[in-house]
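Here's the structure we're looking at; comments come further down.
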Amino acid sequence: MDDECFRLMGTLIEPRYVQQACDARRSHTQKFRTLLANRQLPETGWDALTLRLFLTDVAAMDSNLFVGNVGMGEREGRVFSDLVRERHYGFAHGIGRSGDIGAVQPKAAGSSLVSVLAKILALVSIHLLCSKRLSLTLVLSALRGERPGATKVIFCRIDQKSCVKSILTAGFEPLVIDGVLQGDQVCTNMEEVSNTVLREGAHTVLCVLSCSSCFAPRAPDDVVAIARFCRKNNVPHVINNAYGVQSRRMMHEIDVASTTGRVDITVQSTDKNFMVPVGGAILASAHRELVQRVLETYPGRASGSPSLDLLMTLLQLGQNGWRSLLDERERTFAQLHARLVHFAERVGERVLESPRNDISIALSLSTFETRHADVCELGSQLFRRLVSGARVVPRTEKQAAISGVRFDGGFGAHHPAYPSSFLTVASAVGHTDADMDSFFNKIEKVFATSGSKDSVAENTGRLDIE
Amino acid sequence: MDDECFRLMGTLIEPRYVQQACDARRSHTQKFRTLLANRQLPETGWDALTLRLFLTDVAAMDSNLFVGNVGMGEREGRVFSDLVRERHYGFAHGIGRSGDIGAVQPKAAGSSLVSVLAKILALVSIHLLCSKRLSLTLVLSALRGERPGATKVIFCRIDQKSCVKSILTAGFEPLVIDGVLQGDQVCTNMEEVSNTVLREGAHTVLCVLSCSSCFAPRAPDDVVAIARFCRKNNVPHVINNAYGVQSRRMMHEIDVASTTGRVDITVQSTDKNFMVPVGGAILASAHRELVQRVLETYPGRASGSPSLDLLMTLLQLGQNGWRSLLDERERTFAQLHARLVHFAERVGERVLESPRNDISIALSLSTFETRHADVCELGSQLFRRLVSGARVVPRTEKQAAISGVRFDGGFGAHHPAYPSSFLTVASAVGHTDADMDSFFNKIEKVFATSGSKDSVAENTGRLDIE
Amino acid sequence: MDDECFRLMGTLIEPRYVQQACDARRSHTQKFRTLLANRQLPETGWDALTLRLFLTDVAAMDSNLFVGNVGMGEREGRVFSDLVRERHYGFAHGIGRSGDIGAVQPKAAGSSLVSVLAKILALVSIHLLCSKRLSLTLVLSALRGERPGATKVIFCRIDQKSCVKSILTAGFEPLVIDGVLQGDQVCTNMEEVSNTVLREGAHTVLCVLSCSSCFAPRAPDDVVAIARFCRKNNVPHVINNAYGVQSRRMMHEIDVASTTGRVDITVQSTDKNFMVPVGGAILASAHRELVQRVLETYPGRASGSPSLDLLMTLLQLGQNGWRSLLDERERTFAQLHARLVHFAERVGERVLESPRNDISIALSLSTFETRHADVCELGSQLFRRLVSGARVVPRTEKQAAISGVRFDGGFGAHHPAYPSSFLTVASAVGHTDADMDSFFNKIEKVFATSGSKDSVAENTGRLDIE
Amino acid sequence: MDDECFRLMGTLIEPRYVQQACDARRSHTQKFRTLLANRQLPETGWDALTLRLFLTDVAAMDSNLFVGNVGMGEREGRVFSDLVRERHYGFAHGIGRSGDIGAVQPKAAGSSLVSVLAKILALVSIHLLCSKRLSLTLVLSALRGERPGATKVIFCRIDQKSCVKSILTAGFEPLVIDGVLQGDQVCTNMEEVSNTVLREGAHTVLCVLSCSSCFAPRAPDDVVAIARFCRKNNVPHVINNAYGVQSRRMMHEIDVASTTGRVDITVQSTDKNFMVPVGGAILASAHRELVQRVLETYPGRASGSPSLDLLMTLLQLGQNGWRSLLDERERTFAQLHARLVHFAERVGERVLESPRNDISIALSLSTFETRHADVCELGSQLFRRLVSGARVVPRTEKQAAISGVRFDGGFGAHHPAYPSSFLTVASAVGHTDADMDSFFNKIEKVFATSGSKDSVAENTGRLDIE
């Protein structure tokens, strides 16, 4: 619609109503201008219709939607299914060009704009200088260029298969540094990190890979200490900040690490932090050249879906919405902690203190364990009662190996010999009070039926598996 | 999006790609301009995305979607459900103003535009001078004003409850004129129409209500003869043209009636002619004042849904699409007739000749009837086999009454004593060859299992009700 | 999906995960069962996905979506446009049968179910015995049957064109009974109603048509007194309860009128009460036969869109949501009143007291009027500033006529000689505090720039039309 | 909906209509069963509503959509934006588990089913034994395990950055084997492949990476000869079959290569072959263990979007639709070739014969080149006229380097010294006759305005840039 369209409408319906509609339309356009000029999350989130208006307009900028476009190549954004085309708002070209995923795709100015805006807005959200979705493997590959001959990655142990594998896939050897216990908490073994780097020779080390978001009782790594060590020893430092964007404390700590030490790049998931479907990652780095190298490492185009989901979500959130999400998460975390302490007392267990971890909390299963051969059954029972995401880690000292990499002690506890079994739960963005009520309701029943010394069963009477 | 938006985008992604997108966008805008300036169905139908772009823009012209709009009345287009809002593209105000459904609604320039465009485009489709969706009752009420004292409606009998009731609801008395047989065909009894008007006195007659689309063996009324009679005797003439828009022959006949005689207004359904969900009607009339009076008769606003459905469909059809639909319908009708003749021969029945009816065809059930007490069972069997819309009319001479109005002979045959039972089927827009294949497949089985003298059953072996 | 499907899935992915999904699915099914068995609004509203699951399943019950269905009639629910089909979830058949809009449409069990459920759930919401969407005209037509010879409708004056026209369209003569002033409030002139009925003869009167929701300073009619009078004099009583469902006070008064007097039927809009797009009406009546007669009066099928919108909205609201809407409305109304009183004081006007009207409030424009020839300009200014729904009614004693029916005094004030000009605003369901803030912000500017004695302009400095 | 729901509906609307709906529903269920039992593309594609019914049901199998599910982890499929949730049909969990993208995700049986079905159906489409979406990098990484010490990849030169980079990212060294000219065609230099492997030592070679779909005048590699060589020398063979699935000839050749030689795995894009948005890849391999190793190499979960798009498209296509797409492509390719030959004659150029390439065709720019310093301008002009995907490759012998890997001769010609500049166009699935008409229309104008000796300009008169 342009002014001529509006003029013509005025010949069909009363011009003064058209005029008002035309004026009102400017308000929408003004929102678009403000976004494009300020390059910041709008203070207040956009409503669904403004968003749809925007996306429809932007999608029409991709060549596959041009009136009169003639595709003479092998990949022209043709989409067979109307349903598929529609769910993507007509976007089909993905992002990036062969050889640089950060480049604007000439056939797809609209897709490229979505990607650029998602990047810019996510960046505002996380208060860092540059960001880009991409995976850990690519980061490690990109570092290869500036560390010829380096073959090892110092891996602050976190018991999750994907980290180890991303190191192996990039063709490097992980040197696993077990954590150390400080009270209940599994903390960074800074001494061992230091010894290992010095022993192996800094030049053989591609980077230290630390982790700033993890399941309690593991604490987020001491990224400030690691960063200072890395700066001093001239070793790159990559932080796996999976779902740490939602923790103001962790984002502050990364800021401090970046300014007082060395942080080359941080990698975070979009789904866990921004409540979008699985599939995207954000890279944040103050080092432009490094980011550029990572982008150039990505071979070919990528799906535009994660950018689109992220942009849509951020525009609907706005700064206020994002702040509320974080406030709310802090509130529910505090409450989860308080209720878990209370529950632990009643059932003869205790909350394993991991004060540095402000997303996840672990509950000991010591007395539970003494009565039950298999604590894993607890996890199954919770799963069957529709509790997802709660993890039970049994105490064990037997070794595990992930693709040939050895882990001392039971895989899951991030430590060679964690002294007790435990259950870990988290309070992440989007977690509600109703979730929590329901969780405690269910875990009480499970503990009761499992014959714990607690008297819950007697109080609640017959306990059906619902 | 305006030029400033595009300029700003050029600071985010490469200006020359933005420029091309901006140029390409003009092609969409050009389509919109052409529609608004020419006020004709586009030659080629629009694709789904162009349509969506258009509707999203037009919906944003309604005040409920204005940024900063403040609703201080009792009806401000607020919609609770996101799903409901979305399925209406944000349109919520309906059409019309209190007291005139044809007026532009000041709060809703977008809704009004949809309504005006649907009206204009449908008009192009049906080649008449003015049109408006509205029901028969309103038309009759609107005629009241120009015929004070007239209390009777000459009703060319069509055995459908809704016609009788629309007369009664408007507060008039229907005088039922039975059809006469010409061969198999039930035709307009012009003599009786004439006699009745003269006997009752033309001034007591509100109008003659004829019907130009009906189930065979009734023929469409001879609207030309009626129109000439009405002009001569100064009696209004209303044509119930329910699904006749899809018949070029009937539209031509109405044209002739309009120019050589008197046709005050024709009323047609949107769903049957234009393949949209049930709910809309189109009024077409060369008499501006009459149409205006009908519009003013409609008390209050109406749903905007039928206009929206019609506009969307017409824009997606385009003139080419509409022409193809009509061509295709003529082809399938001819084929249905041929196959039915063939089938009739095999089962010892015959097609009842109704050459003036080019949408619907009747098959006699004479021999079938002699073997089966209840021909209605045939209808049930077809229904159970998922054949919808086929009607079985048993021969009978007993009277029926609709809301106190007497109909001689069995209701359904449009005649006091139709000589045989029959089955009626139609070939309307959207009917496919696959439909027809499947229909003949099923009716063969039904006839066979019903023990007709035909040997179909022996040929096809065991006949399961699928 | 049936059990066999789930079993087969278990051969593709791990059976125990399928089992859990299958169990979880029962929770959705349980919601559907509960709805169908209890026939009540769910306590808590359904989320969008449950609703979509339900609608997709129900739509598949219409014959046009049957696999293998063969349409052999002229109206088989064929839909040309994918976009249109989709926005109706595949529903295309509308509701009702030729001759009875309340009947189940054999081709469309799904559409019929939507309609029946919408009716039942809306009924629960409004605590009455029976309900059906339909218009006032049909009600009056339906009453004709039981009042042969009655030609007049006693019309408690409300200055809205649609009411008068619905009487005229049904073929009756309205006898307008002006309201009387009680303080600022325009109230029912019970004496004149009574005198008129007795003077004309009760048998000549089709019904008394009262109105229970209107713009201040008119009060809702005293439906209890009218109902008692009607019971005593054996005259039907129809209540136009347009947007009164949202007022608990008015619904209670109608309950009292129904039990202590005569209320044949009440008619209400769906859009104003339930926040759906314009297009539906609900009839509520304790008289089954009357309702049935109205349904049979409706000639033919109707659009299924209003039922669908209403059902979707009610299911998403749930009882809790509905209650919240009502609570919230009462709160915002109280606040609107308080702020308007405060504003009136500052600008030398006053709130016209209409204590019986708890939706709409009027502000005098007396001092404003003395300074401005044309108070209507105030309405225009508000409209231009994007305030919709605020009505300015100038003081005047000149007559008006709607389709030949005379109204003494300026049309709009519901009274032959209302002593002052006024502005009316409403606080209806969905009205927000932000709306109100914005309204007062804008009206202050308008009053200030219009040169009222108030000093707002001096305080706010330059006043741009935004 | 289960039987109890249908029974309850029978208490609300007529049981026999419900019964019919219930029966009809079985037809849909039957389609689902057939799919799950046969594990083949349905013969005829599904309509949009059947597909939606299926996806809505399957999405409800993911735990995030369970009624009563309690998420206590950091990633529970919570989605903030309604619009985002809806466009993914509620799917949010992505596919795979930490450590194995091929594993069923316990929280997401529905997402897993989509992924498994997409895999199975795509497999049917391409007539191979196993397939999985994943990238080339992961394949190379996965091969590392079975070739310890191998550091080199024999790379049959194709001038596309992404191939080179996928080798580098996986940590290997590409050995570029230039093609040889056979007539106009750039063919596999089998001798050089062989010499290089033998010179370097087969044990140092990770694999030969051939390419079976490329831009003319390069021919697809002689995968049969390579496969035989690889089998004999015990070297893995990976085929980059980017958009070759749409070429029956190429799929047949790969079949022959697989049976008579060694093909470890083939990698293809979903977007180019199946007309879905960019983002997915299909791996096809007869070696189960290799595929499993690749899956385990993928670190963590992946977006479920590509699987969903692919499954939706395949179900809508059906076997018939897929066959039609291939037939149609062959037809348009033949036509493109014929018209290009004709055009070439007129403008004094010729089609570069590349008989083995049945998707892409090259046109010499020899005479064009002699008159214009910069042939690249031709590409720009086509781009500005909205021709996308046409590539202009200027003749040059200067070297290029991609991330340090040297390419002799101009990058783009796949050959160190291709004798002429050329233009390449393709006819891929979805290409239409209208596209072709428009392309020839535009290229004629461009050649004409560029001053070619051809007289097109004189014929067509003034040539506007449209």
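Order as written gives the chain letters A, B, C and D; numbering starts at 1 within each chain.
Operating definition for what follows: contacts are C-beta pairs under 8 Å (C-beta built on N, C-alpha and C of every residue); 3 or more make two chains touch, one makes a residue touch a chain.
This structure is a prediction, so every number in the text was calculated from the model and none was measured.
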Among the remaining chains, which ones contact both subunit A and subunit B?
C, D
Greatest centre-to-centre gap (Cα means) from subunit B is with chain A
Taking each chain's centre as its mean C-alpha position, how far apart are subunit B and subunit C in Å?
29
Find the geometric centre of each of subunit A and subunit C from their Cα atoms only, then give the gap between the two centres in Å, rounded to an integer.
47
For subunit A, residue numbers touching 2 or more other chains are 20, 24, 48, 52, 63, 66, 68-69, 82, 106, 383, 386
Spell out the residues on subunit C that touch subunit D in their complex, using ranges where they run on.
1-2, 4-5, 8-9, 11-14, 17-18, 20-22, 24-25, 27-33, 36-37, 39, 48-50, 52-53, 56-57, 59-63, 65-69, 82, 85-86, 90, 104, 106, 109-110, 112-113, 116-117, 120
Which bits of subunit C are touching subunit B when the two form their complex?
48, 51-52, 63, 66, 68-84, 87-89, 91-95, 98-100, 106-107, 135-138, 141, 144, 160-163, 165-166, 168-172, 213, 242-243, 269, 271-272, 274-280, 296-306, 309, 312-313, 316-317, 325, 359-360, 383, 386-391, 402-403, 425-426, 428-431, 435, 438-439, 442, 466
Mind listing the subunit D positions that touch subunit B in their complex?
20, 24, 82, 383-384, 386
